[in-house]
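Below: one structure in structure tokens.
Labels A, B and C are assigned to the chains in the order they are written; within every chain, residues are numbered from 1.
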Amino acid sequence: MFKEIINNVKEKVSLVHNITNYVTVNDVANSLIAYGAAPIMADDPKEVEDITALCQGTNINIGTLNERTITSMVLAGQKANALKQPVLLDPVGIGASNLRTETAMTLIKKINFDVIRGNMSEMKAIALGTGGARGVDADAADAISQQNLSAVVELAVSLSERIGSVVAISGAIDVVAHGHQVAIVRNGSPLMAQITGSGCMLSALITATLAANPEKPFRATVTAFCVMGVAGEMAEARMTETDGNASYRNYLIDGIYNLNAAVLERRSNCEIREA
Amino acid sequence: MFKEIINNVKEKVSLVHNITNYVTVNDVANSLIAYGAAPIMADDPKEVEDITALCQGTNINIGTLNERTITSMVLAGQKANALKQPVLLDPVGIGASNLRTETAMTLIKKINFDVIRGNMSEMKAIALGTGGARGVDADAADAISQQNLSAVVELAVSLSERIGSVVAISGAIDVVAHGHQVAIVRNGSPLMAQITGSGCMLSALITATLAANPEKPFRATVTAFCVMGVAGEMAEARMTETDGNASYRNYLIDGIYNLNAAVLERRSNCEIREA
Amino acid sequence: MFKEIINNVKEKVSLVHNITNYVTVNDVANSLIAYGAAPIMADDPKEVEDITALCQGTNINIGTLNERTITSMVLAGQKANALKQPVLLDPVGIGASNLRTETAMTLIKKINFDVIRGNMSEMKAIALGTGGARGVDADAADAISQQNLSAVVELAVSLSERIGSVVAISGAIDVVAHGHQVAIVRNGSPLMAQITGSGCMLSALITATLAANPEKPFRATVTAFCVMGVAGEMAEARMTETDGNASYRNYLIDGIYNLNAAVLERRSNCEIREA
């Protein structure tokens, strides 16, 4: 299922516009290059529409947002909509402050997102339109497991139906929903939660996959989850006794770099069902 | 002496708010995770009080400051004070510009810092309330050695008594003072000065240690210095002939990741005395 | 030819002021330290003149520019001019937006740059004073090869004569021109295009070399290109099967760290001619 989608990513070398936080921005750029896409970062209101117009996809991430960049997010997202170009929202830390919650809800109102990607705490905050998150990580109570999987699927499906976007929830088990179409991805490594930026990189990879496969938002999103998960496993396999999370970060991006459709086909653990 | 303090860090997984520079912010985030804490970065005046209220400690670093973030630093620091939550100041490059000197002095006036951590040049600038630093690194003339150690201790003690904070001066030999209580830490590696961010990471680790041990600001600070120093030694031991400072940076964060109370107890070289 | 220039870099430990993008800023800082220089980053209008006055060189990079930092770029560049201190322009992504094109052209009008460094697409945009670039990378059509080399040299020479700066164009083959003096550098690795920041780091290294050799802008620039190219080759030689672009980034900075004048003399592939 992945071959054509991945091949499109590698062949088209899509330019992806990222309005993103300054914490993980370098990893976002290098992971996009590793994947076969080309990153550009811009966040001033005076240029973001030009930049989005030049690109094939736009990735909006609200980590380290400020008044100036919020304006830019709205402008870039609306430009992407006007150009019928894929645009993704990563509502980092929604619920951690009123500013983040209001910004995410405003963006969802003003922009038609192809995909919204977050952890379970963030997605619950979107579903409720209000706070509750502990920070940028999912609450322990929001860990996705076999036990609460059906509830997570239900949330994803109902949110997707309400908003119209692909809803992508990452965790120990990942859940992607587009209306009643659902994917459960069981790839990845617990070490991915031991670095900053796994989620930001995943959102960027989804945007790149969408940019190269704009007609297939659900399949593209699921593919990016499998890429990230398998790369996370490849990275874990390289860990030595003295390695820690800094080495893991490098191995993870290296994994994305070395992944191809054949490896992905063999190693991905992805179940697609109708909810 | 470290066991309980380190165990508290690992068990509590404190959320640490960092208003910090965009140069080393990613290393700050990954080193906090390596240590067992959880980072969040926010710098807009409209959200920093919410974020600090959600956290257990706040780390204010004036590198790459600007007018907007200076406002945020004041708001976050005062919120931390109001909540009786630990707050640290890292006066990066104080003395390099009037803006940095004035900002650091204003922050010290408006906020009760639990800890102020800098190199010898930065701490002298604070003591004098005026410039003189060469940049973000300590002047060569300000290197801490056995020869000038008693003068450094004297500065640390008098500054701590005047301001009321733990005063933590990092260098080839580290000096921490809380009133007349003084610690001399002789861990670390000269390679730590060959990367950007050693100081920023240390400040973040101190904040995380304080967040998990708010009743013991002196012990917590000393523990974080030992953690950083021992991790620096572990990193140096991994260096191969072709490695340089980029690899060292990864090994340093990996070292923090792999450090536990037992290793720290065995390897730390820390002397505590009354000045 | 390199020995004296490199020795000056290592001995003087010049302080370099970088007003640069937040995507690659950490790599810029670590590569400057690897090279033997000392980085400082500041971008607020209220402090950039102080910081430039403290430094021996200023590196202006327009990636992730905004209204506030554009003001800072002008102030810092003019201060550098007033102090007769080397200043470099890296017109990242000029042509990708009107804001970038106008900013770069305004900076060139208001500041006398010692060196302007970009890829072929960026340099064509400067020559034309108008857009056309695909993003932050050179267009495929602008790849520098043996076939179009004479046209690239011609552009570099005519742009250098018009503006008065050293014009430095990086690509598979690098071209540096100062008036009719031209250097062709054939070092480097295709992997350098597989990470973000190769260009930003190169611009920083040029600035550091100029800072330590202000009387020799052409030789200093050529030396920095050879340093970056040879470090890129050393990094490629370290790559294993599981390594990807994240490891390459580390190896590249490590390479700069381990390079000395003797290695450079032996491995550099640089031809100097009159155009």
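Here is the rule we go by: a contact is a pair of C-beta atoms (placed from the backbone, for glycine too) under 8 Å apart; a residue touches a chain by one contact, two chains touch by 3 or more.
In this text the structure is predicted, and so the values were computed from the model without any measurement.
Engineer: In degrees and to the nearest 5, what turn takes the CA positions of chain A onto those of chain C?
Structural biologist: The rotation relating chain A to chain C comes to 120 degrees.
Engineer: Chain B and chain A are one sequence twice: same or different residues at the contact, by the over-half rule?
Structural biologist: Both copies, chain A as well as chain B, present different residues to each other, with under half of the numbers appearing on both sides.
Engineer: In angstrom, rounded to a whole number, how far apart do the mean CA points of chain A and chain B lie?
Structural biologist: The separation of the two C-alpha centroids amounts to 33 Å.
Engineer: Mind pulling the chain A residues that touch 2 or more other chains?
Structural biologist: 22, 26, 249-250 - these are the residues of chain A that touch more than one other chain.
Engineer: Under the touch definition given earlier, write down the residues of chain B that touch chain A in their complex.
Structural biologist: Against chain A, chain B makes touches at 15, 22, 25-26, 29-30, 33-34, 38-44, 46-47, 50-51, 54-55, 68, 234, 238, 249-258.
Engineer: Give every residue of chain B touching chain C within the complex, in rising order.
Structural biologist: Touch residues, chain B against chain C: 21-24, 26-27, 63-67, 93, 96-100, 134-137, 194-197, 242-247, 249-250.
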